[in-house]
Amino acid sequence: QDKVAKIGVLAPMTGGAAADGNEMVNGARLAVEEINAAGGIAGYTFEVVVGDTQDQAADTVTSAFERLAGDRDVNVMMTGYASGSNFEIELMAEQEMPYIISANAAQTRDIIAPSPDDFPTVWSISPSYDAYETAMVPVIQQLLDGGALELPNKKVALISSDNPYSKTIMEGLQKNFEEAGWEVTSADLLPFGEINDWRAFLAGVRQAAPSIIINTDYLPGNAATFMTQFLEQPTDSLVFIQYAPSVPEFLDLTKDRATGVVYNMLGGVLDTPQNPRAAEVVGKYEAKYGAAPGVYGPALYEQVYLYADALAKVGDPTDRLAIGQAIGETEKQIAAGMLRFDPETHLAVQGEDAIPIQFFQIWDGKRELFYPARYATEEFQTPPWMK
Amino acid sequence: MAQSTHEAPLLEVRNVERRFGALVAVNDVSFTVPAGQVFGIAGPNGSGKSTLFNVMTGIPFGPSGGKVLLEGREIQHLRAHEISRAGIARTFQKDAEFATLSAFENAYAGAVYCAGLSGVQARDEAAKALDDVGLGEERRDKAAGDLTVFERKQLMIASAIAGRPRILLLDEPAAGLTRPEVSALAELIRTVNGRGVTVLLIEHVLPLLLSVSQHLMILNHGSVIASGKPAEVVRDPQVVEAYLGKREAAL
Amino acid sequence: MTMDMISAILVSGLVLGSVYALMASGLSLVWTTLGIFNFAHGSLMALGAYFAWTMTDAAGLNLWLGAGVAIAVAGMVGVGILIERTVIRPFYDDKDILLITVMTTLAVMIFLEKGIQFMWGARLKQLEPLVPGQVNLIGTTISAQEALIIVLAPLLLGALWAFLRYSNTGRGIRAVGQNPAAAKLIGVDVSKLFILTFALSAALAGLTGILLGSVRFITPTFGAEPLVKALIIVIFGGLGSLSGTIAAAYIIGVVEAALIFFVGIYWAPSMLFALLIAVLMLRPQGLFGKTVR
Amino acid sequence: MPVAFNMKTLVVAAVLILGLLVPVFVEDTYVRHLFIIAFIYAIVAASWDLSLGYAGIFNFGHVAFFGIGVYATGLCAKLLGIDPWIAMLIGGVVASVAAAVVALPVVRLQGIYVVLVTFAFSQLVLQFVISQSQITGGTQGLVRVPTIELFGYNFLRDYKFGYYYVAFALLVLSTLCLRFITRTDFGLSIRALRDNEDYGLARGIPIGLQRLKVLVASAFFAGIAGGFFAIYLRVASPEVFNFSTMALILSMVLVGGTSSIYGPVIAALVLTFISEGLANVDGLAEGRFMLVAIAMVLVLLFFPKGLVSVFGKRAGKSGA
Amino acid sequence: MTNIQRALEVENLRAGYDAFDVLQGMSLHVGVGERVGLFGPNGHGKTTLLNAVSKLIQPRAGSVRFMGESLEARSAQEIVAMGLVHVSQANRMFPDMEIMETLELAAYTPRARKDRKANLEHVLELFPRLAERRRQEAKTLSGGERQMLSIGVGLMCAPRMLMLDEPTLGLSPKLKDELAVAIGKISADGIPLLLIEQDIAFVLSLVDRMYLIDHGEITREVARGGDVDHDEIMDMYFGGHVSS
């Protein structure tokens, strides 16, 4: 029982993204403690070692990787995200290191899809982000058809910050809206980073009076500022914000100002009676750390369990290829839904029966899931600022 | 003494003017300096002497009007370092040296960038210049900033002559020196002049000014009020009134 | 251009300018007096905000907001003095003081930034606004807190300017910066003034943080962007002149707001920088700096 | 003097041999990696010392030259398919060209105003890189940059053995070049201008031209280092322009000791290893940066001329 | 009460820079109402003496008393406040400050502030050039003008004793004369004077007594009207090679 299998967690522990990093490590530690308390796996107890990716610069990520890789007992690595480009996937592949990653699915796919066999040990528990671009129009149409939502016109204003995630989504949305016969009144790009002044954009919005405003910038601080400034002189529009409202502090920061905001989530926690796993994970996390987790706590928690399952199957942590293969064969209900991997892209499979895209509306400080209907916890309501 | 026989005088300053806002620091000043002369300049404080040197060398600014001619060639439009290379080396009223460079390097810099020498030639020139001013071997590796007042004055002249200038502009070199040092400086200026370098000398220390100058020009409020043989100029009542005061005149 | 646009630009510009002016004047004060750039100034701003946050929020003492602010500012004075004592004072006589203190204040910046993260965590925080609600200013709606900044900044800066200009101590501060030895010889207590300016500057930074901490979100690196702007403003305004600094802050604030409006947020920073370079080409001594020599 | 000279040669030779032997004794990829990163930063820091320390130009855009090297090389190698070795060289040249552009305003400005322009320049470069995302990858960066190859040798093999020697060779070469530059007449003239510009003019030194040359020369080495950085890590991403990168390298220059070239090199090694060493200590996420910050202040308290003065008392005033 | 015959009393003062002592135990005194000169070659510690007395540098040993009071525990600014004013050599003043600002600021101590008006008039009368250029910044002044400002600043401090370090540096001959007259007047008002000067004629015209300094030590004391004239001093000091 003395054998140790170390789990390398790449996470930004310092710098701007440290809040995410802490959550990743917390999630991983939570799972490791549980597993160890239950006697470990295949004669191994787990231990988390952290590689600080700081500001995700290439050299610090590589240093963190090398440091972890240099430890003989580290035979798996996992992360929420380690770099903006996911370039470390190649380093992992060179060493046949099992690597479970969560965010930046588009980059993961771009690297892996051309030759998936070169990356037998790398797997992304996030599904393809395509649904972010395609699901929106049908969902809104459904709301309109069902009478839950009434909109004065078919105009939409888009805004994004200049990062691949937000920009790709915005461009995809623009295309889909236009194809569905909507008028896109603006599709502005802002620099990536802290934005303190949305007023110039909002001024334009007031002129065009679109019935939907979509902000794909994902930074919670920016989103909170956006809401505050929007509500200074609100227009009669549905407000959708990408990702940010899922981050715990968004609610603390905006309080009741967030009521009515809509967002969606792929690979987030699927917290619904049909998926009790989610409530369980979130509950454990809250119990231990005293705060609700965002995406990455549960993600890393599940990643550790994926590895544990694979190790239980293979028995030998140093047989990395076998471990990698075992992970790829996973089929399991996790906090985000039903996890299976697509062998072509090594991403989690997306869909209502797999990892679904979920639409939420914030109401009185709570996130209410209103789509897909089979998981819904609450009906969509007209936001308070709309007539 | 090297007497040049050029048609044009070595240096000619024609109607030079420099204004600072309403103040005319140098006002329509003209003079010529034949090669080989020691040309003294004096005048009350703030009469425009240093400014005159400034506009002649372009450091840090050129004239607002007028011309400066070196051997008949206009130079006032040249850039400052080009004027230096054309053969006008100046010193400054406030302490000036490359403080962290050694004394030798100070002189060497002059030899390289002013005279355009390099390698061994530049080293020889720098060494010779230091010999000429009498800065001892043992001081040459010291940082210039660590030298004594007089040594710094020696160095300042050495680095100028290492650049093989034709004209040397000295701005109050004797300020703060003791009498014996002043005499040594006078000797030094004569030696440099003896090698064919024309000298323009601004000075308030009269014994030095009078003992080395062959010509003396007095400025007051930016204008020339007297110019001529030193002995005559100092007797000019206007000069006595504006500049010398009674005691010096009596001496 | 409609009146609405002009008013929106002016109001945004005033908010930005006020924040910049508060930040930059603290930085300028230290530059004027000690001849150094305090790279920790931004972290001091963050620290002030976190102090206030602890006082009003976390301590749960239900303190009156103003008292919290006062205590936070007092804390900043202490921190300022501590920094001056430990990383500035030992290098007074060094002729490379400018470069050395670039290093030591950078070290303080790192120390504070990471220390803040250690103490308060990395998650975003926000202060309760000192004044709640919204205000309509010449046709543009902003939060009352921002209006407060617009009003408070000129008052504070005016007081600071008058203090430097007319009080004996204030004049002493300006003298010390230009020639400490000569200042001593007319009876100025140089050491005391160094501490005073550092404390004053830290307090200004802290206050900026507190004012801004309810408009923006507080993070350990919350002061980084304002610091960079302030640095630029101090240099651009002409070193060593507080009035130049303040004027430059407002000018840059309004220009930035206008740029955001006309070329968009995306290109506004680049345009601003390009503009700065262009102006410096024409006026190498800064916007209000007098010609050197 | 001959004794001192011999001593110095000995030390230099010893360091060289030691440097050559490292990979023989150190088989750990991680440690080798740290050496490589430290060497790269050492080149950037030492070349910065040329403009900042020797010439006294408050150049805050040096890291941008490094970043330009990273991107120029990355783009040439990946998009244009240029041989990575040559792409590295192109990185240096492009950085130099950029430096010449910056020099245009810089030569006209005095002292501290240079900070503004150089800093603004680096922000402009960053903005440019991010905005051209279809070419540069924007904030995400450029991945899968091709790496070097020499006579069929694959550098990805042998646990960075090959990379180590390339980095070491680059460091040795650049240090030699930089030391050489500082000892030439040109090196003398830039130190002279740092001491006193007006006096320099009076001795015929062209200020503008010398500053231009200094910036171009120092940018070249930073650009090459950037090129190797991109080739080695196989990524070009915009974090190289971050303030924290600048703070890190600047601290190497200043803690090492300006006007010495060796100082920044020593500091690059020391700081890299100390901060990574602390990364191995658990629970020191923020603590390690705080400790390093304290250590930097302590070094300056006891050795205001920088780490280099620990090793030799001629520190700070080198040259001929 | 200590002996108030003496305005300034320096005993066994040791001071210097870094590792070495420039002054190796210097003693001298200035009587109340007395004018004393200090003369010696460059770099032999005259300025260092004044710096140590005014606490620009910290003395290493010895004692200094001003008007009977020990200065040991006093800081530079307290010494100025007591009225012991040091006009330092080649002072660059406050480069970015205008002349009038500088002069007004110079009356910094409470005592000086009281006399600000009168002193200002006095200074402007002494140096009319300063009045002409009241708005000019110190850094653009000519060498001599800056020297005037430096002396003016000293006078604005309401001195009860003046220590002047080479005040004639860079002044024109005429201005030197005028300065001599002015200094004479100031000391005639009972303000004791310690004067460092290279222009021996200038010193001799002003002082009652003179110390000769050599390598940081007082080598001789000469009284005016005594049997020593200036050639003799030069001789004694520098050997016979003086020519000018």
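All chains are identified by letter, namely A, B, C, D and E, in their written order; residue positions are counted from 1 within each chain.
Keep in mind that, in the parts below, a residue touches a chain if its C-beta (ideal position, glycine included) is under 8 Å from a C-beta of that chain, and two chains touch if they have at least 3 such contacts.
Because the structure is a prediction, the values reported are computed rather than measured.
Q: What's the minimum number of touch steps needed to get from chain A to chain E?
A: The fewest touching-chain steps linking chain A to chain E number 2.
Q: Starting at chain D, how many touching-chain steps does it take at least to reach chain E?
A: Each step joins two touching chains, and the minimum needed here is 2.
Q: Just to be sure I understand the contacts, which chains border both chain D and chain A?
A: Intersection of chain A and chain D contact lists gives C.
Q: Tell me which chain's centre, taken as the mean of its C-alpha atoms, is farthest from chain C.
A: Measuring from the centre of chain C, the most distant chain centre belongs to B.
Q: Can you compute the centre-to-centre distance for chain C and chain E, using the mean CA position of each chain? Integer Å is fine.
A: Going by mean C-alpha positions, chain C sits 42 Å from chain E.
Q: At what distance in angstrom does the C-alpha mean of chain C lie from that of chain A?
A: 37
Q: Taking each chain's centre as the mean position of its Cα atoms, how many Å separate chain B from chain C?
A: Going by mean C-alpha positions, chain B sits 48 Å from chain C.
Q: I'd like to verify one number: the distance from the centre of chain C to the centre of chain D, where each centre is the average of its C-alpha atoms, in whole angstrom.
A: Using C-alpha averages as centres, the distance is 32 Å.
Q: Which residues of chain E are in contact with two or more other chains?
A: If we look for residues of chain E contacting two or more partner chains, we find 140.
Q: Can you pull out the residues of chain B that are in contact with at least two other chains?
A: In chain B, the residues touching two or more other chains are 60.
Q: Please list all residues of chain D that touch 2 or more other chains.
A: Touching at least two other chains: 127, 131, 286, 289.
Q: Going by the contact rule at the top, pick out the chain A residues touching chain D in the complex.
A: Answer in residue numbers: 13-15, 18, 50, 52, 54-59, 62-64, 66-67, 69-70, 83-87, 90, 94, 107, 111, 162-164, 167, 191-192.
Q: What residues of chain A sit close enough to touch chain C in their complex?
A: 14-19, 21-22, 162, 188-191, 194-197, 199-201, 203, 220-221, 224-225, 228, 232-233, 248-249, 253
Q: Going by the contact rule at the top, pick out the chain E residues touching chain C in the complex.
A: 54-56, 75-77, 80-81, 85-88, 91-97, 101, 104-106, 108-109, 112-113, 137, 139-140, 153-154, 156-157
Q: What residues of chain D sit close enough to touch chain C in their complex?
A: Going through chain D, the ones touching chain C are 52, 105, 108-110, 112-113, 115-117, 119-121, 123-124, 127-128, 131, 243, 247, 250-251, 254-255, 258, 286-287, 289-290, 292-294, 296-297, 300-301, 304.
Q: With touch defined as at the start, can you tell me which chain D residues reach chain B in the complex?
A: Answer in residue numbers: 185, 188-189, 191-192, 194-196, 198-207, 317, 319-320.
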